[in-house]
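Here's the structure we're looking at; comments come further down.
By letter and in written order, the chains are A, B, C and D; residue numbering begins at 1 in each of them.
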Amino acid sequence: MPIQGLTRDLIALRIARDLHDGMTVNLGLGLPTLVANFIGSDVQVIFQAENGILGYGGVLEEDFDQDFINAGGQPVSINPGASFFGSDASFAMIRGGHVDVSVLGGLQVSAKGDLANWLVPERGGGSIGGAMDLAVGARRLIVAMEHVTRTGEPRILRRCTYPLTAQRCVDLIVTDLAVIEVDENGLLLRETAPGVSAAEIQALTEAPLRLVPNLRPMSL
Amino acid sequence: MIDKVVQNVDEAVRDIPDNVTIMFGGFVSAGSPTSLILALQRKGVRGITGIANNIGLGDRLDALCEKHQLKKMIASFAIRASGGRQSLFEQQFRAGEVELEVVPQGTLAERIRAAGAGIGGFYTPTGVGTPVEDGKERRTIDGRDYLFEQPLPADYALIKAWRADRMGNLIYRGGSRNFNVPMATAAGFVIAEVDEIVETGDLDPEHVVTPGIYVDRVVVGAHEQIRWFA
Amino acid sequence: MIDKVVQNVDEAVRDIPDNVTIMFGGFVSAGSPTSLILALQRKGVRGITGIANNIGLGDRLDALCEKHQLKKMIASFAIRASGGRQSLFEQQFRAGEVELEVVPQGTLAERIRAAGAGIGGFYTPTGVGTPVEDGKERRTIDGRDYLFEQPLPADYALIKAWRADRMGNLIYRGGSRNFNVPMATAAGFVIAEVDEIVETGDLDPEHVVTPGIYVDRVVVGAHEQIRWFA
Amino acid sequence: MPIQGLTRDLIALRIARDLHDGMTVNLGLGLPTLVANFIGSDVQVIFQAENGILGYGGVLEEDFDQDFINAGGQPVSINPGASFFGSDASFAMIRGGHVDVSVLGGLQVSAKGDLANWLVPERGGGSIGGAMDLAVGARRLIVAMEHVTRTGEPRILRRCTYPLTAQRCVDLIVTDLAVIEVDENGLLLRETAPGVSAAEIQALTEAPLRLVPNLRPMSL
């Protein structure tokens, strides 16, 4: 029986647990976008969109206004206390360390916390967008991704084989199977998906994992 | 009295020659100078080196590919990560018919700002240890590694704002400032498409985002709906 | 709800220790955080390295010289060109009691911006062939000479705006933005003195100049009249 | 009888003649400030103050508002079409070549167009302010100064003896005695003050002056 991991929504929910009151947070395209849906009503997180919006709210399903979009092009509402600025100011904010948390999707993460998320060599081309700046600039980088590729190959590797987004930038990896912290000694398995064992996770992870003494299932 | 208003978008782009570098403001649907791009298509300007955040994400820059008006694009986002529907640009890029230089978005914005700000170059931590580093100087400053990046100017900038006065002062809406703001400072000749023109003095000086001295021509564009079906 | 408002200027500066680097916004009379400066004087913080555009031009920074609270100033304008009345700062500088580093105003602004923007350094044409070049790398880029300048951060920034909301979003009046705008981005802890505080949501997001995430504390100051008798 | 040169007001008036409709102009402290008083009502010049105001008008004698000042700290009116910005944006504008004309005071100018205007070595200290950025950034630099020092020494020299503000930056020198252009070959005497001869001017100028064929008195 294949291992049953978390849904994309549950990965997003787990990441939302790491976002605290007053934090400034940038959500990347794809899975990270979903994190905004799971912020508790008692937690005031300020979402930054690198296209120049600080303080956007939820994604809007109707009343599309093409000037009010997040970095994924989705129409968004604007919260009280928001502000707007150009791309130069937006990336000054990002690169300057004023964004507390960046959540990015990933293709590969290495044991040293290198991230590759912008180019699948077989496909060519590739789009960097704001990912490289977010990876080096945010105070804390959380990578949200599936633990293995569609063909079952590990994404968490000793070394990335894809071109990098940034070196030694990842602080936390949240996958459908595990929560893994990156520290100076490598990877630390902190939490497991419900019903998944540490051994099963290691088997699907090329890089060696150390286990925290109080390893526990993710609280969802 | 200074009056930079022209009557229509075709007149606004009338003297743009072939083989120039043109910046295009906008981020996906927000602040894209769509009417000016379509006027550039009608005029048939060729050999364009384009600078924009993105191409082929619902924006009309893709229209410049229909008759191969683009020679090269410098952009942060031009090829979709997912393997879905390809833009005309992506098709032509994969066929080797158009060049693409991919630049990290923040580095693109900062290089454009530097060109407008008289900065000869700067060091950014972005791109260290990635393919972006190829051919660039790496320098360690206070224990951290940076890449040397050079200013990126252009002959023309086509930008989009919400309102202009006759002197070219501009204000924007929401997320439409994006690359329009730095690009307005970095090109030899700047043409702004807006939704509305007001008399000089009608914009509060406290609210002006792009000062009029950066803008050479102002024109009202048609409101074109753009939506990125990601 | 995020609420950065404190009750008075003495509370606002309560935890600033000795021997730190402090930025002071303002340009002569415009946008000087006078009430915070006077609170700093009352608290008696010593060993300050100050960063400001000017000192001794009618501004109250000069008050920090009364009890020798300043160890060093980094400024663009501190000594009057004419030989008239000397500020306290100028007297102490000439007596060797306080250090002064004179930085061109544009380089000062850009170094502060760089510190806030994660830039490791930049090249400016300003200062080439002048005493400002001493000890700096000169580099020729595209046939023009530039100097390498490094980012200038600080531990604290004391700034002045017109209105704030409780999240720390700031708007200004007229020429009072000056160094307040880049300094807000470049210090570890930023305290803003304002004339008025409004509820979050009362400032139009289109008009916000300094986004609230840059500001740590907001306080209403007394309106102090400053006039430069040049 | 000592040579009778132009008053400070007349120097300012002569410089104002060189400012044309639509130009963006920055006026330095002291004498240059007076130039604003002599702009014709049919000429729309946009004055930039490096403290972050574009489009200020006349100096105000009353109703002092300390937030609306020029770079000399004088209260000014604000014209229609004005805008405000921070010092980083202001000097991006200046250094980036978006100011058409800068008018600065001078202590010394060399035959190559070097300018010294911020430090009298005997006094020490010195204040650079925005002068170095304006000198390298403005498209055209006009220096306004007395032709000689109070003790009668030339200020226009083969080489500056004072520390420089910028190298090879001056385009035009307007003094109480002459209008002198700086070109790649040195100094070109274009206009003389009424009643002053070219020989008298050269006698008070250390650097050699070439004469334009159509040398004429200043039109004031």
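We take it that a residue touches a chain if its C-beta (ideal position, glycine included) is under 8 Å from a C-beta of that chain, and two chains touch if they have at least 3 such contacts.
Being a predicted model, the structure only gives us computed values, none of them experimental.
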Reaching subunit D from subunit B through chains that touch each other, fewest steps: 1
Neighbouring chains shared between subunit A and subunit B, ordered by label: C
Pair sharing more residue contacts (C-beta pairs) when A-C is set against C-D: C-D
Inter-chain centre distance, subunit B versus subunit C - centres from mean C-alpha coordinates, in Å: 33
Distance between the centres, which are taken as Cα means, of subunit C and subunit A, whole angstrom: 36
Centre distance in Å when subunit C and subunit D are each reduced to the mean of their C-alpha atoms: 28
Distance between the centres, which are taken as Cα means, of subunit D and subunit A, whole angstrom: 55
Residue numbers of subunit A (touch at least two other chains): 78, 84-85, 91-92, 94-95, 136-137
Multi-partner residues of subunit B (each touching 2 or more other chains): 110, 113, 117-119, 124-125, 172-174, 205-206
Chain contact graph, described as a line, ring, star, complete graph or other shape: other
Pairs of chains satisfying the touch condition: A-B, A-C, B-C, B-D, C-D
Subunit C partner contacts - residues on subunit B that touch it in the complex: 110, 114, 117-125, 139, 141-142, 144, 146, 150, 171-174, 205-207
Subunit B residues within the subunit A interface of the complex: 27-31, 53, 57-58, 76-81, 83, 90, 93-94, 100, 102-110, 112-113, 124-132, 162, 172-182, 209, 225-228, 230
Interface residues, subunit C side, partner subunit A - complex: 1-2, 113, 115-119, 165-167, 169, 185, 200-201, 203, 205-206, 208, 211-214
Subunit D residues touching subunit B - in the complex, by the definition given at the top: 21-22, 24, 44, 46, 54-55, 78, 80-85, 91-98, 136-137
Residues of subunit A that touch subunit B when the two form their complex: 29-30, 49-53, 64-69, 71-74, 78, 84-92, 94-95, 114, 118-119, 123-133, 136-137, 163-167
